[in-house]
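Both complexes shown next keep chain A, but they swap its partner, so chain B is in the first and chain C is in the second.
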Partner chain A sequence: MNDRHEIERVEPIENPGLPEHLPRPTDVDPKQERRAELQVSGMFGLAGLLALAFCVFYFMIDLDQTFLNWSALNVALGATLGFSLLLIGAGAIQWAKKLMGDQEIIEMRHPAASSTQDREETLEALNAGIDESGFARRPLIRNSLLGAMGLLGLPAVVLLRDLGPLPHSMYETVWKKGMRVVNDVSGTPIKPSDLEVGQLVNAEPGILFETDADGERVLHGTEALQAKAKAAVIVVRMRPDDITPAKGRENWGIDGIVCYSKICTHVGCPISLWEQQTHHLLCPCHQSTFDLGDAGKVIFGPANRPLPQLQLGLDGEGYLIAMDDFQEVVGPSFPELKRGPKS
Partner chain B sequence: MVLLVGLLVAGGLYSAFAPQSATAVDEDSRKVEAGRQLFLIGCASCHGKNASGVLTKSGNIYGPSLIGVGAAAVDFQVGTGRMPLTNSGPQAPRKEPVYTAEETSQLAAYVASLGPGPSVPGDEILDYQSVDEEGVKRGGEFFRTNCTACHNSVGAGGALPNGRYAPKLTGVSAKHMYEAMLTGPQQMPVFSDAVITPEDKRAVIAYVKALEDEPSYGGFGGGGLGPVVDGLIAWVIGIGGLVGFAVWIGAHGARVKKQ
Partner chain C sequence: MSTYTPIEDTGVGKKSSGPVQWLDERLGLAGLAKKNLRKVFPDHWSFMLGEIALWSFVVLLLTGTFLTFWFQPSMAETTYQGVYAPFRGLEMSHAFASTLNISFDIRGGLLMRQIHHWSAALFMAAIIVHMLRVFFTGAFRKPREINWLIGIGLFSLGMIEGFAGYSLPDDLLSGTGLRFVDGLIRSIPIVGSYIEFFVFGGEFPGDIIIPRLYMAHILLIPALLLGLIGAHMLLLVYHKHTQWPGPGRTERNVVGYPMLPVYAAKAGGFFFVVFGFTALMGAFIQINPVWLYGPYNPSEVTAGSQPDWYMGWVEGAVRIMPNWENTIFGWTFSWNVFVPAVLLMGLLFTVLALWPFVERWITGDDRDHHLLDRPRNMPVRTALGVAGMTFYSINWIAGGNDIIALKLHMDIFVITWACRILVFVAPVVAFIVTKRICIGLQHGDKERILHGFETGVIERTADGNYSERHAPLDSVRQYELTTHDRLPVLEAPAETDDNGVRNPEGRKARLHAKARDFFYSGAVDKPTALDVEEAHRHADHTGHELPQGNEFKGNEFKGVSEAGIPKEH
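Showing the complex of A and B:
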């Protein structure tokens, strides 16, 4: 150990110092210097003109005018303002590189900590504050303040609860026995004879289009949107031979017409990317793929449970109706799912 | 007297219509026959001599049966050049049509004669320019509900598994769009007239055509693929360009060599 201290400390490589200073062309040639000066002032001048052009275009160009099928106003304002800023920046850099002082300077490093005097003064002030406020001497006040601040965290936690529906609201949708399956947007009820093999219908529960005596929708606003977000379904028709129904669900479809939830079981995107020949339903968000010819089984992607199926029936007039709500939870899985009434 | 007038009217009507309909039937059967001849040369190798389809040895479909597909399906497949297929692949691409409009209608007449199926839509229901603004808005609702999943929100098309794709809708004629909805070519689902009515279909077409005419106010459309593509371009080209610019600025400028 002692030997170490005796070894003379030497730098591994000798400090080479600064390289020799070489002047720039503008330092030695007055012509070059003049040229650089004109370049810089030219850029600044053009930037000013573009700023003026911006104002002129702002008043001159109509909102509807197009240029190469783009908005002429956007193009003109963006180009003038953008190039004006760019030219000011480029001019400043050209100025600094060609004409401003060009001497290499060494600035030595200094310690990151403040000076001893500064630190002592700060500590003194802090201690004086603690002493004068009596923070240490009056534990009753101090503890009640700490308690109040701790409890102030609770309202935030309570409010966070409202960010999303509680899991138990996911166990039910508006579907119930006898509710018609209707076409989305138009709200028209559907008969099996309306559907051809290979057909896709983006459908909704009939209640979303039902009106009361005053002609107002039964469900509206947030309520209707929440109901729609959970109850949206797709109805497809395949050749009956192409369908392998889930056990005990052989009679859930009608002549090859089956109905599944439109909400992906991964994170809840609406899925209606339907390949009629492969019977695959794809989610556009993360490519989860469900085989509707095989009970909605997941055959690809991050979803981890099959799409919930809705049992179809016919009402007295021959229109498609639901026979019950979904037997499984629709939408994305969540931690409480396995412990809930439907799993 | 009434009887006499009745007889005269009936006779007149008969002489006015009977010969005409006879020639019409004649013309129809000639058209079907011409279509059959074209079919035997250009289509029968895959679809079979009777258009009932051809199976491979292992029982897969080599060429599907065309019985009952209707004139609309033929007009779409042949009219957009998808059929006849030049080579097998994941999907028949749109290309320059091989048959003339007349030959296409003869082929369609032949296939339509094999079994009942959707016919080629008439001019009136294809007149999307007659759709008012309200209708275009409704067409947009139908489009976003039923079409955007595959064809993208501005009809730019999109990818499907195994090399298949939903084609872009720009430049597709109203008739072909209508026929595609009606017949569901390849992987596309069928949207029958009973569910999406002819008026609704026309509104969808009006919406797609309105999208085509819409100027792109925000600059390049980027295929309408949304914020991911916009972000990629901003990061790679925008910020990458700025970094390149900074490197160029930081590089040492010219120095005068030792004098």
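Showing the complex of A and C:
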């Protein structure tokens, strides 16, 4: 039965061995050979010329010159460099294909594993080494060394502690009672009469544009960016009957003007795509969609929490102001979100 | 040839005997050089894919070094005074200002920036396609599993390196990417906000993330990449390259052209081709025009924000994930970000890293493999690979759902929902379809071994029957179609031993048997010598086939190529 099994599994064809080597045209025809030689050296020669052209263009073309609305220098340098490199590459490959020996060579493989003898000798050497060190016989030395090495991992971790402060300040923004809501580009305060129904204004807290006695910005650089990253808002005006305010927030808007955080509660992109008709606000990063007519609720996409709302009021001069900081956390969620700020 | 010629008597030696001898007396390199100068590399276009990755890495090192001469990785504020008029007087970081400087004030700077960015995109593309080649041909099998793991390391590091790189210019797009990563880190359960504050040195954006990413981008990760690439290449040299099966090619040899001169010229020349190609892209195709985006402003974003292509699938997964978030014992878990962005990436690399070991467990195959599999001969592996590619692709497409909605005037919610469903359904369909195609191709191969190929010659017999003549394949082709392993004989594990005692290994053995059944299901075995004989006997009766043996070898269907080389039909 075994025999029959073997016969059944005989391969239909033996390995015919490497096919006979056939000469290429360039091997047998001197004309073809000469042609290939000229091709290769032609490519190399042209590559050299292009390298020179690169240098000439570098000094000849001004940075502000344009070519088809493109930086002329970029096109000239890139084209000369690119074609020069390509020609060297193509020449070398053509040389290898047409003129270099094309006889295939057979090399024998060796098993990746070492020989048994090598293995045995290695083990012997290893054992001799371990034995002479007494690593196995002296557990006191061994264990104290291992313990010390292990503990040395701690300084490596502890050293990283000052990479940054402990998480804090995620619960509040720079908004506070009485701060004006200002246009994010000009810094001008906003009056309800500036807004038409359906209009959206990108706004920021007034403090970002405030200057001190010397005319310096109160907040600048990183501080300003960090403040902006949380406090940016959008102010929209809708028809008052289109708005379903959240419970207890009926008076957070003014004549249909409401203010929401601009920072997406998903991963923190500034939300900017406003659909007037539907009162939907769409985040351009991951398409989370919020309904500003309905308390900023999420109606589609990966965001989970509604957009935090900022309570609006008017100051003595009739400009929009915040009545308080946000009541909810602005921006993406984090593990301690519901635990509240540590006191 | 066999006698030793003193080096000074050889052509090269006349000029170089001095330095060569000087070096060898100090380094003793002749032993190593002897083995490797004429090292054999097999030839196939698919072996070039990894080379593209290697050479684009070299291009990245060269152009990246150039960029460091001017780039200032600082988030400190400055007022722009350079030549780009629209931004003059604008406040921005030194990082963005120096990127503008490289693009507008340094001759060739824009070119180098664009070559650098294009070769980064090419580097990742080449790594992935090379990895697919290795997967589908089974080149990851023993003894190359460690090299496969190194490759996975290169793939994952390459993604992080690319991300760190495109975050450096501190323009609006790269800042948006950083903000996404900030949200992503925050979503890590329990310790998220701590890691966020440590990474960013405080609250986003802080003033230290770009210097830190710069260190990672130009020192830490390139050093790791370089080390892993070195190990990857050393193992390649040690194992010798795999080869496609064919006449004269066996598991014990490697057939191909020698390193010197053929591969030195071909592979060396290919470096120039890759460099030249990326240089032309840098010359003619704009990439990452940061001056159109402007400096980073946390309250602004452009519509259609997209990461570099290799991050697209993560972006897509984040877009189609449902908005799950819940609070357990007071801790908030943002599954909507953590699952698609962190877990999924980890899952991809884990599955990839484990596959060689899983397959080895299924097949129980402990032999060395140097001959490649044709993908069709491993239908289930191939189908699993295509299913994985499909999963990746659907996520990648979802990453551009806004662009698709805009260009095709479709509803973005519909596209998102379609992707949510397809991401689970399409891989299953792809698996079934691919497996069927593989099995069909296997049947076709078997058919051609048994009955030869269709000549296109129609014969009419005396009584008016029409039939097409078949001619046997030549021996080379026949051999190529039958070199792969025969299917193993699958036996159900014994439930009980001879004495009726339950097999204690039963559960494990049954699981193993199930996995084997699945892995080999549907695969077609190649014909045996007996099958071929039988088929020919049958053909003699029907007369549909041309006679076998010496008198006819299908010569009428042979031609001669333009180069004068005989060519099979």
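One rule holds for everything that comes next: the second predicted complex is superposed on the first by the 272 of 343 C-alpha atoms of A that agree within 3 Å, B and C clash if a C-alpha of one lies under 4 Å from a C-alpha of the other, contacts with A are read in each partner's own complex, and residues count from 1 in each chain.
By definition in this document, a residue touches a chain if its C-beta (ideal position, glycine included) is under 8 Å from a C-beta of that chain, and two chains touch if they have at least 3 such contacts.
None of the values given here were measured: they were computed from a predicted structure.
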item: Which of chain B and chain C A:Val236 touches, first, second, both or neither; value: first
item: First, second, both or neither for A:Leu85, with chain B first and chain C second; value: second
item: Touching partner for A:Ser169 - first (chain B), second (chain C), both, neither; value: second
item: Contacts of A:Pro332 with chain B and chain C, given as first, second, both or neither; value: second
item: Touched partner set for A:Leu200, first chain B, second chain C, both or neither; value: first
item: Partner chain(s) touched by A:Lys191 [first = chain B, second = chain C, both, neither]; value: first
item: First, second, both or neither for A:Gly316, with chain B first and chain C second; value: neither
item: Partner chain(s) touched by A:Gly248 [first = chain B, second = chain C, both, neither]; value: neither
item: Partner with the higher number of touched chain A residues, chain C or chain B; value: C
item: First (chain B), second (chain C), both or neither touched by A:Gly221; value: second
item: Set of chain A residues, in rising order, touched by both chain B and chain C; value: 22, 24-25, 70-71, 74-75, 93, 97, 184, 202, 270, 272-273, 284, 300
item: Chain A residues within the chain C interface of the complex; value: 7-19, 22, 24-25, 58, 63-64, 70-71, 73-75, 77-79, 81-93, 95-97, 100-102, 104-109, 111-113, 160, 163-167, 169-170, 184, 202, 204, 220-222, 225-226, 228-230, 232, 262, 266-270, 272-273, 284-288, 298, 300-305, 331-339
item: Chain B - residues contacting chain A, complex; value: 138, 141-142, 145-146, 149-150, 158, 160-161, 164, 184, 186-192, 194-197, 200, 215-219, 249, 253-258
item: List of chain A residues in touch with chain B within their complex; value: 20, 22-25, 27-28, 66, 69-71, 74-75, 93, 97-98, 183-186, 188, 190-191, 193-202, 236, 270-278, 280, 282, 284, 289, 300
